[in-house]
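Listed after this line are the structures, all set down as structure tokens.
Next, two complexes with chain A in common: one pairs it with chain B, the other with chain C.
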Partner chain A sequence: MRKYWTVFQVNWQNALQYRGPTFISILGNLLHISVLLYLWNAIYLSNQSLGSYTLSDLITYYILQLIINSMVLSYISWEISDQISEGSFSNFLVKPVNYLHYWFTINLSGKLFEGLIILVVGAILSFLLIAHVSFPSSGLSLVYFIFSMILGGLLAFEFDFAIGILAFWIVKVNSFKYMLQYCIFFLAGALLPLDLFPVSFQVVANALPFRFLVFFPIQIFLEKEANPLPGFLIAMGWIVFLYFFLQFALRRGITRYEAVGK
Partner chain B sequence: MSAIEVSQLTKTFTTHRKEAGLKGSFKGLFSRKPLYKEAVKSVSFSLEEGELVGFLGPNGAGKTTLLKMLSGILYPTSGEARVLSFTPWQRDRAYQRQFSIVMGHKNQLWWDLPPAESFLLNRDIYGVKQIDFQKSLDEMVELLKLKDLLDVPVRQLSLGERMKCELVAALLHQPRVLFLDEPTIGLDVISQEKIRSFIQEYNRLKKTTVLLTSHYMQDVEQLCKRVLVINHGRIAFDGMLSELSQRYIDHKVIKVRFADAQTTTPPPGLEGVEVWDAHHAVLKVKKKEVAHTTQRLLEGYRIEDLSVEEMEIEEVIRRIFAEAPEESLRNRP
Partner chain C sequence: MKLLVNKLTKIFVRYFALYRSFLSHNLKNEMIYRANFAINVGMDIFFMMMNVLFFSILYGNVETVGGWTFHQTLILVGSVGIVRELAYLTFRKGFLELGNYVRTGNFDVMLTSPIAPAAHLAFRHVSLTDSLGEGLMGLLLVVYGFLHLSNASWIGIPFYLLMLVNSLVIYYALCLLINSLVFWLVKSQELNTVVYYFINTARYPREIYHGLGKIFFTFILPSSLIATTPAAILVGRANPSLVLISLSVAGGGLILGLFVWNWSLNFYSSASS
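Right after this comes the complex of A and B.
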């Protein structure tokens, strides 16, 4: 798979060109999270704990969320839907390259690049807040955590790719895409830990695969997930299912594209 | 065996009629009347291996639609096509490794990176061996004088430079068939000329079959012996460029410069006068009248310079396009 390795390297260089914007978007996230932490801090002044979360748990939750946002969550759908609606998708259609695998590689290379930056930022942040960060007590939890991040990354890519190729069917996809992405991130636990919501909501969120993106890995890190193995299996099931589904959807989308042409 | 074989190829686009205004949009939610646009109508032609053929036609004539079908980007409504004995819209990997399409108004290079990176990417996408890659890259860089541009980010290149790089990117895997859709569009005269001579030279060296669309007459005049004129989705003419002028040009142009000042009114009985002033005259006359008219001019005036010219091919094309759209002028079965 030499061609995808080259795609990986070329995109890495492209990412280097965009290191400024990448850094700024991380700073933006950092600001967002600082505000949330400030808010939580105020809440905790009158309350000793919220649900099963201590203040340290929540601080850790948001630092991890910051890292996951850069290393796991995928933001490729913008460019995919642009390519489809503007017609540069044709460039891929005439070449011996699989669009899904191509974007998987681009996403992977981008996430690793951003990951390097965020790890530095996360390390500095943890160091500053060392007194308030809950680290896992066993090495195994850490291994599970990393594995769950990989699964989350695969799922996040698949969801975002699905959103991107909606452009085959919907002409003006942008506002719709915003809504979908927001729903996914919300149900993933990117804004609030899912177990702070009412039980009925939790039942729904647990049945959906989105929690594997953010909530599930963080639960493992905080050692609130007694046995992550069933979760791993379910996530892997979703990854495989979505892979075949996306290949199918892509074929259908291309049929549509072939009829209209851009 | 022909490199490209097209028979009865038809593409009909379906769109929906939308009545003007808000009320129209609202009605459209419930009942939509389909509208059919026949972009390509039952087109047939064939190209031999190594031929360089020009596709001429105004905007919306169906040139791009045709090229897209031949590259597998569009699925036809009906008809057959074989390129290198593949059916293009099956998008066989083996076919994709043997052809290329360059679209003048689409960019396939990575915008923020130097073209060299996009070349490497194409090398591996097409699985070109490093030796072959380096050889064809060197050749083309030499022909197009691109040496200094390889490390400049694409976004900093001029349109002409970018087009050259697009061509290189498309040719690195040495395709046997090349489709060029308006390769010179928007370029200045010098860049156009460079692109043209490159295509000509490349076709001569590599015997690549080239199908080129353009609405610049010069592209076709310089590059192609054979032309396909397409209008309203139909082939209006398929034949040699020279034949095209013989068939449609029944006039010649006589240009005269007088030795001394004349009256500004042409003499009575002289036909086809287009310009007649004190020092110059231009006359458009039927071919068989040329000798007679020339003689009359030479006898009647002191003439410093006289020339008889062919009508410009552009004018010929304009006339074909102006003819009744439904009437096909195909001269091959």
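Right after this comes the complex of A and C.
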């Protein structure tokens, strides 16, 4: 456990040192979210509406999406596939660390760091838009929401790790990975709430586990999810399944590893 | 007067010849990696399709957005694609490489060769294929949207093209302004992320903004003009004031951009040489 604590600390200091990119990416997200808020506002001003959402619901949806993007969604696959395709993964073959656990620690410290910043940004934003934010009516919903974010964060990490280690099998994985990541975010409800999709789409999206990353937590916050317990169980099932699957895939991947450039 | 015209023509001919030789050189380089080319085009088309998907789902729920119908919005999305391809055909990729030049001190070459540094940087990395998928897909969307307009008028096309060029000028001016910071930061990746977000928010109609947001997205980060102005002309929604604003932002931005860029060059530290 202590070695992972060291990894955590080192990465935390790294994040502090290279805070520029974090700020810029938050700024960019903030920009995109504000454009979308203007978009929804324009739609509701012209007396139209989206599904069962009120304007406040939608504004809340996208502020939460901003927070979830920083605290839950994972962007580590870039470095993982670089390590594999450029050969620096070899270092891990001789170190007494589990590659999955190592990256889980890195991801955790990164998400906590970004989370601290985004909570401040989100708080300022909600304060400015206080009249347009829907808060849950009961404390229990808030507890459920936080729990669902934790589950979402675990799942998001596992999916991104899976995308990263694809590099064992596919050499030029970068652009493919980008598309895959985008599809996951789309099916997670990061761009549009899933219940605005055409019905046939919704059936597919509901059957897939990606909705637990974004859509599911936000629905709990907006109290549109009557009973979140079955969702929790399904998400936890996926987390456990993916954990064993990834450990298995990692072992298979190592047998294919060519240590390019080393 | 005649002398001036002669001189300008000569400069133009020289720059055009340089541009052509850089373009053909880069094209040969790009053609070596055919798989890369196919992947690039495929990825561009994928992301354009996702934008279309976003709007199709949205328009499944509403009739108009900011007064724009679905087919009119396709022209917006397509126009952004075309502007991006035009940018890669002229200046965009050079700015992406600028950070490396400044960090290593290789920017010396650009400063000492007998061509304007900004033009040299732009031409050196001009690329036909980097954004080709977006350009082609954009063209397709514009044509498709245009054919589905109830009031399509062919007269708008030349003005549409003219305003596309105007949008390109706005884009260039913004790139110059933001990338001028590279001489202090010595890194251009994050600067160009800002540029990316700028062009990425251009596909929404300008009519959605009001108040402070409208001022911000017109004069500070003029993304609301990039696609909306040309597209508005094509769909017959343009008004003189919109065109006038776009022209002045382009003109004013370009003058400011060139001024700031040329001034910032003084702060280049010429590392390691």
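Basically, the second predicted complex is superposed on the first by the 256 of 262 C-alpha atoms of A that agree within 3 Å, B and C clash if a C-alpha of one lies under 4 Å from a C-alpha of the other, contacts with A are read in each partner's own complex, and residues count from 1 in each chain.
Simple rule for what comes next: a residue touches a chain if its C-beta (ideal position, glycine included) is under 8 Å from a C-beta of that chain, and two chains touch if they have at least 3 such contacts.
If you're wondering where the values come from, they're calculated on a predicted model, not measured in any experiment.
Contact with neither chain B nor chain C is seen for A:Tyr243 once the two complexes are overlaid on the shared chain.
Within the superposed three-chain model, A:Ile24 lies in touch with chain C and out of touch with chain B [touch as defined at top].
In the superposition on chain A, A:Leu196 makes contact with chain C only, not with chain B.
By the touch criterion defined above, A:Trp78 lies against neither chain B nor chain C after alignment on the C-alpha atoms of chain A. When the two structures are aligned on the shared chain, A:Thr6 is found in touch with chain B, with no touch to chain C. A count of residues in chain A touched by chain B and by chain C gives the higher number to C. Looking at the shared chain after the overlay, A:Tyr38 reaches chain C, while chain B stays out of its contact range. Once the two complexes are laid over each other on the shared chain, residue contacts for A:Leu93 go to chain B alone; chain C is not touched.
By the document's definition of touching, of the two partners only chain C reaches A:Tyr182; chain B does not.
Legend: residue contacts after superposition of the two complexes on their common chain; A:Phe232 is shown touching neither chain B nor chain C.
On chain A, the surface touched by chain B in one complex and the surface touched by chain C in the other have no residue in common. Chain A makes touch with chain C in their complex at residues 20-21, 24-25, 27-28, 31-32, 34-35, 38-39, 41-43, 46, 48-51, 172, 175-176, 178-179, 182, 186, 191-192, 196-198, 201. The part of chain A that touches chain B in the complex is made up of residues 2-3, 5-7, 10, 13-14, 17-18, 87-88, 90-91, 93-97, 255, 257-261. Across the interface of their complex, chain A is touched by residues 13-14, 65, 68, 71-75, 89, 91, 93, 96-97, 99-101, 103, 106-108, 110, 112-113, 117-118, 120-121, 123-127, 153 of chain B. Those residues of chain C whose C-beta lies close enough to touch chain A in the complex are 35, 39-40, 42-43, 46-47, 50, 53-54, 57-58, 60-67, 187, 189-190, 193-194, 196-197, 200-201, 204, 207-210, 213, 217, 221.
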